[in-house]
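Per-chain numbering from 1; labels A, B, C and D assigned in written order.
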Amino acid sequence: MTKFTQQIEVSGHLIDSLILTKIFDKIMDLQGEFTVEEIDIGKKKKDQSYARLQIIGKNQKHLDNILETIYREGAVSKTQNEVVLKKSTKNCVMPDTFYSTTNNHTQIFHQKKWIQVENMMMDKCIVVKGNKAYCVPVRDVKKGDAIIIGENGVKITPPERPREGVDVFEFMGSSSSSERPTQHIAKKVADDIYNTKKKGGKIIIVGGPAIVHTGASDSVAELIKLGYIDGLLAGNALAVHDIEYATLGTSLGMNVQDGTLAYHGHRNHMDAINSVFKAGSIANMVKSKKLKKGIMYECVKNNIPFVLAGSIRDDGPLPDVITDVSEAQREYKKVLKDASMVIMISTMLHSIATGNMLPANVKVIVVDISQPTVTKLMDRGTWQALGIVTDVGAFLPMVIQKIKKKK
Amino acid sequence: MTKFTQQIEVSGHLIDSLILTKIFDKIMDLQGEFTVEEIDIGKKKKDQSYARLQIIGKNQKHLDNILETIYREGAVSKTQNEVVLKKSTKNCVMPDTFYSTTNNHTQIFHQKKWIQVENMMMDKCIVVKGNKAYCVPVRDVKKGDAIIIGENGVKITPPERPREGVDVFEFMGSSSSSERPTQHIAKKVADDIYNTKKKGGKIIIVGGPAIVHTGASDSVAELIKLGYIDGLLAGNALAVHDIEYATLGTSLGMNVQDGTLAYHGHRNHMDAINSVFKAGSIANMVKSKKLKKGIMYECVKNNIPFVLAGSIRDDGPLPDVITDVSEAQREYKKVLKDASMVIMISTMLHSIATGNMLPANVKVIVVDISQPTVTKLMDRGTWQALGIVTDVGAFLPMVIQKIKKKK
Amino acid sequence: MTKFTQQIEVSGHLIDSLILTKIFDKIMDLQGEFTVEEIDIGKKKKDQSYARLQIIGKNQKHLDNILETIYREGAVSKTQNEVVLKKSTKNCVMPDTFYSTTNNHTQIFHQKKWIQVENMMMDKCIVVKGNKAYCVPVRDVKKGDAIIIGENGVKITPPERPREGVDVFEFMGSSSSSERPTQHIAKKVADDIYNTKKKGGKIIIVGGPAIVHTGASDSVAELIKLGYIDGLLAGNALAVHDIEYATLGTSLGMNVQDGTLAYHGHRNHMDAINSVFKAGSIANMVKSKKLKKGIMYECVKNNIPFVLAGSIRDDGPLPDVITDVSEAQREYKKVLKDASMVIMISTMLHSIATGNMLPANVKVIVVDISQPTVTKLMDRGTWQALGIVTDVGAFLPMVIQKIKKKK
Amino acid sequence: MTKFTQQIEVSGHLIDSLILTKIFDKIMDLQGEFTVEEIDIGKKKKDQSYARLQIIGKNQKHLDNILETIYREGAVSKTQNEVVLKKSTKNCVMPDTFYSTTNNHTQIFHQKKWIQVENMMMDKCIVVKGNKAYCVPVRDVKKGDAIIIGENGVKITPPERPREGVDVFEFMGSSSSSERPTQHIAKKVADDIYNTKKKGGKIIIVGGPAIVHTGASDSVAELIKLGYIDGLLAGNALAVHDIEYATLGTSLGMNVQDGTLAYHGHRNHMDAINSVFKAGSIANMVKSKKLKKGIMYECVKNNIPFVLAGSIRDDGPLPDVITDVSEAQREYKKVLKDASMVIMISTMLHSIATGNMLPANVKVIVVDISQPTVTKLMDRGTWQALGIVTDVGAFLPMVIQKIKKKK
């Protein structure tokens, strides 16, 4: 039995960030055994900890399964091996035992050196080119690409839990609940946006049409105008509803300003779509002064990149919408590059999509009136997301008000 | 077969308020037949309509079942009979075929006269004393009470749907959705509170502890202070959390003002309870200046009646809580007498309880972050309720702000 | 003032199907006036009713607005005019005053004849070619197409409410609630599927991945195998999870059969995608016997058409996925042609998409654990949908069990 | 500064059960400092761990606050002091600095001995009588009771997380999600009920009226009949709906068996209440054979204790209902004594109430269609609860079916 063992080590904030707990959990979930050979817990709170464990499996396959699992939690083999590469035999096809990525910071041991993997996302493969390593989606795999197989030589660094900071993440913990002091949370979010921007951070908004329905579009437009937002990721619906509201004053057939029913309510939605087709594009509508306010207007005016991804549900969709979803994913990724903070508002579809593309160290705030939506995003792997269960129509105006007071 | 027929008539806004539709529906649901003998639809929109129908059942029992059902929708027998009374044989026991009330305006035909039933509520019986008729809950039935049995001689007037008004009810229709312009709804609610008060109306708040958790308790306290509220119906939790927040600044272990974790967070809840027991009552705490702000404080200071109903879930409960629920129901009813408007905030338990005690013509606004909560209240018979699906911690401060602007 | 009037008439089950109520409502919502000139309510429940009204507006524009609105509820101008046509000046562009469709049965008066509009959907325009009329989405409009403008000559027939039938729609009414006897509803749905099929109806399933996560995929696969299903509309996720479950036995990292954690849980999802790319397509996987059971397998084996629409959230997506959403919409429509019944399971995205493509007379059943999802579909215009709020993992096996007993 | 330090120690499954993580967290949340003086992590997975820390505060008050907080997570002062007692000066009043309990296993150091506190519940005080210690609610405190003040001499043992077991808790982890294989979960719950009973465990059901509305009452009745249930805790509504269904076949006005509308639907609810008042009690109804099946019938027949707690929302309430909530709490507690497993079904009110009365080591399963309900129970301190988000009308029949197969 002693043959099926492996020494691993792990370091970092083992206790604080639950790293050791998760490793112990996984070993036990998989019915493995372990011996703690050495443990050195940081004496003070900023100190790093270190542990060396002997992992014991029932057979080689069992041991491999355990190791594969705990490597993903930050454990590293004591005797580090080189990554093993295998060539793709066909476009869009990975070798059978391809290494499937997490969204954590990842390094590989290749030609005796640790190389950081670029463009990190979850559920992808790693392609090695020369002394560079890239995280690549299956559709972008090319025949001949050298792809990492197995778990050897891959090292993950789980993110530290934020501590003693001043941001809303520390305030809320990781939970989502509607039973929190909303005005205070709005202030914390305002602070966080303000401070992120002040430090030169990049802030992206991912938004759904409920922003317009609930009357929060003026707030979002103002946030863009004030220079806080560096990109907008959405679908057809947000743009159509924003343009309908900006040009006809209605949303879902109701005059947003005074709440009366609109005469042409029913067809205003289609009218807005037609007017963009007539102009040729949203930018053209702005140029020809047909579109003079709103979220899309501010994006165009302020040169903020926006990507509208098509969906099967779209009316139209607008000429600006990228109807090919694989292409839209690539464009989303470009806008997300080096983002420090992503604010997701009332759209499960685009939020999960964006979550899938983000490394785990990017701050994610999700604002939605439905708790299960928030939960689902975290269940899909974007566990760093901070969920705020509130009414965006009331919450976003509060946030803007508080940001403007800071200026 | 022609023997099993009965002529009925109905008048009012038959089309507009769906009265005729509902009567047709019920007859068909019960597989009866009908002939429209006369119909006179109001020519203009304010005109009343009138219809006379012949109802046909398969047998006498079938006919009776149909009639019993449509009488509840406002149909009246063409040949009006006197109500039939039967004595209760025992306290808390109604005769087997007792007439079970709706929450609609109800009259009875007794000794050749139409008498209005007082104290109207749903799911009760009607007791006749001399030339007065009262709606009475089963627990208050006394041996010897003369109770109406069967459906003869009872006439119901379904409420008209509000039309062309200016209030939030007309604005929203009867639906509840989170996809509405929140700021505008807040303005409408503010207008409605303001106008109701200006006309001398009585406004009651029914509230749960989420008012405090979400940071909206200052808003509710201010609404009371400004004189808009005539009564508060709640449970132990609202009072405890309000007093904890007012005396210790915390709610659920968090400092509400700055959102930091409280040192004694865990036990502050129990501390607040103990402090009321020590003072003897909430009013004593105000008198001895131990309680100096908040919802309960404003109630005491402004002589606004409040009733705290006990529940099995209570910590404590406070000495002010009425632990006997039947007694608490009686006290709730006293406060609700002649209310024009009831605002229910984040409490399904007390909202359904209150809904059960209200006649159908009282305006009811339900504010909750959960749509199913709102739906459930309507399903339970308080169908006149207007549901606003929002975050009370953001919504109520908006309402107050807008009311104060009006003054 | 009398100049701004127009005589309209309407016939059908005016009371029963709320047609007259809705017309009165709309006139009053828009602050118009009306006079009922003639009304003839069907004497018996199967009889049709008829009404002739004089509509009065404040000015021509006001009158037009009212008329436009009530025409959509089934009112018809007494003096019927021909439709007015205008040519599209550019691909994808409709004339400014284009007629925007509803999902109701629609006829146009063209060259002295009533023509039925084909391919009916909501929120599109109507193109007339010779003596045919088609409902056309904006992206399919070609330069030169003759498009109906204004409201003249368009007649809508609102669907009757189902009455005295035996199906689940009659049983449930139009409401959605989780407080219904689930086993009985399952039986009604089973009856409805069985009877629809017996009468030669076409049944389409629209499904999300929760079918697999909740363990209901064997039930759906069996329903297909038994010949009840004529088409499957889904996205990438349903197919990937189904294939992961069929080939590796896992869903979201858990062995579905015994509920233990899977060793390779994390990467099985990506493994399933890779295996389809390796085979080239789902059909190829079936041919090469790599895929031997499940929903997708049964579709391929039984030649049931399936359409997988891409979304921005997709992992992969699979080679079978149509990544262009406009193209996917066209393929969805083909499968939906002449459907009698559509069963939507646990997917808001594809359900709303499908709802947008369906005429109002197609039966729609929506099964989801979230009540707001069901509500949202109806709010988006698919108001004929019957919502069943339940757990698909428990509900669908019940339905299958009950269908199999019938055979 | 070194004056404000204290040595503490802690032992158990420090890593696995997150004990050390929580202690580190709390110290940092409160901005304290610590030094790890000794740590001994169990070498193998069943081994206990031990740690000794030096805690450092900014001043004595700060240090005390930190200590107070971490003592609640299982830390123990190295130099153990005796508990400090203070007499209550008045009924229902605790001394100002009373020790407020958790729901964890608790011991006190009194007269040089460790004594286990009996009747453990959260948010109460501890009364010492001779060499016994009791957990006592504020309303039961008597003048003169010796009550523990401060944190000295109190030791808490946080429960271990269940590991490597076979029950549904291990299977599900602690999360609640609707995306789990329902049939498998039903099997696990069935196993757990079966095994708990086989080992002589006591199982209590806490239930709401949705059991009846969703058609699951036959399943619950059968579970009682089969001898699996040792007590039923509910409110008025469950009993009324159960008796209405058992005697009249209806629930919420619908015939549960065939789903048709009931003639007397509207008043059946009140009829059921009246029939119990007529008989005098539920037991009398069973005796006189007026009640012959259902949940309440099986309780009476099989001598299973049931407690019906009154609430402000009650119709009636039934003569069997305890209308005083403090009295009802005492009766609930009696039934809960020594329970091994509590199954909470579709009732937030009674579930939170029961959760408040349970020590943390009792297994709690919560079944509800609403995820926020499940979350709220855990947020209220019953964090050991396992949430199953499903439709009880479909889930419970599955559980029964699977239990019966085992017999």
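Everything that follows uses one rule, which is that a residue touches a chain if its C-beta (ideal position, glycine included) is under 8 Å from a C-beta of that chain, and two chains touch if they have at least 3 such contacts.
Remember, it's a predicted structure, so these values are computed and weren't measured experimentally.
Participant: Comparing centres built from CA atoms, which chain ends up most distant from chain B?
Facilitator: A
Participant: If you tally the C-beta contacts for B-C and for A-B, which one comes out higher?
Facilitator: Comparing B-C with A-B, the pair joined by more C-beta contacts is A-B.
Participant: Taking the mean of the C-alpha atoms as each chain's centre, how many Å separate chain A from chain C?
Facilitator: Result: the chain centres lie 32 Å from each other.
Participant: Go ahead and note the Å separation of the Cα centroids belonging to chain A and chain B.
Facilitator: 45
Participant: Please work out the Cα centroid separation of chain B and chain C, and write it as a whole number of Å.
Facilitator: From the centre of chain B to the centre of chain C is 37 Å.
Participant: Going through chain C residue by residue, note those that touch at least 2 other chains and give them in order.
Facilitator: Those would be 178-179, 372.
Participant: Once bound in the complex, which stretches of chain D touch chain C?
Facilitator: Touching chain C: residues 171, 178-186, 188, 210, 213-216, 251-252, 254, 256-260, 369, 389-391, 393-395, 397-398 of chain D.
Participant: Could you list, by residue number, the parts of chain D that touch chain B in their complex?
Facilitator: 29-30, 65, 68-69, 72, 90, 92-94, 96, 98, 100, 102, 123-125, 137-139, 235, 261, 263-264, 266-267, 269-271, 273-274, 277-278, 309-317, 319, 323-329, 332, 348-350, 352-353, 356, 370, 372
Participant: Touching chain A in the complex: which residues of chain D?
Facilitator: Residues 15-16, 18, 20-21, 24-25, 27-28, 31, 33-36, 39, 41-45, 51, 163-164, 177-179, 371-372, 375, 379 of chain D touch chain A in their complex.
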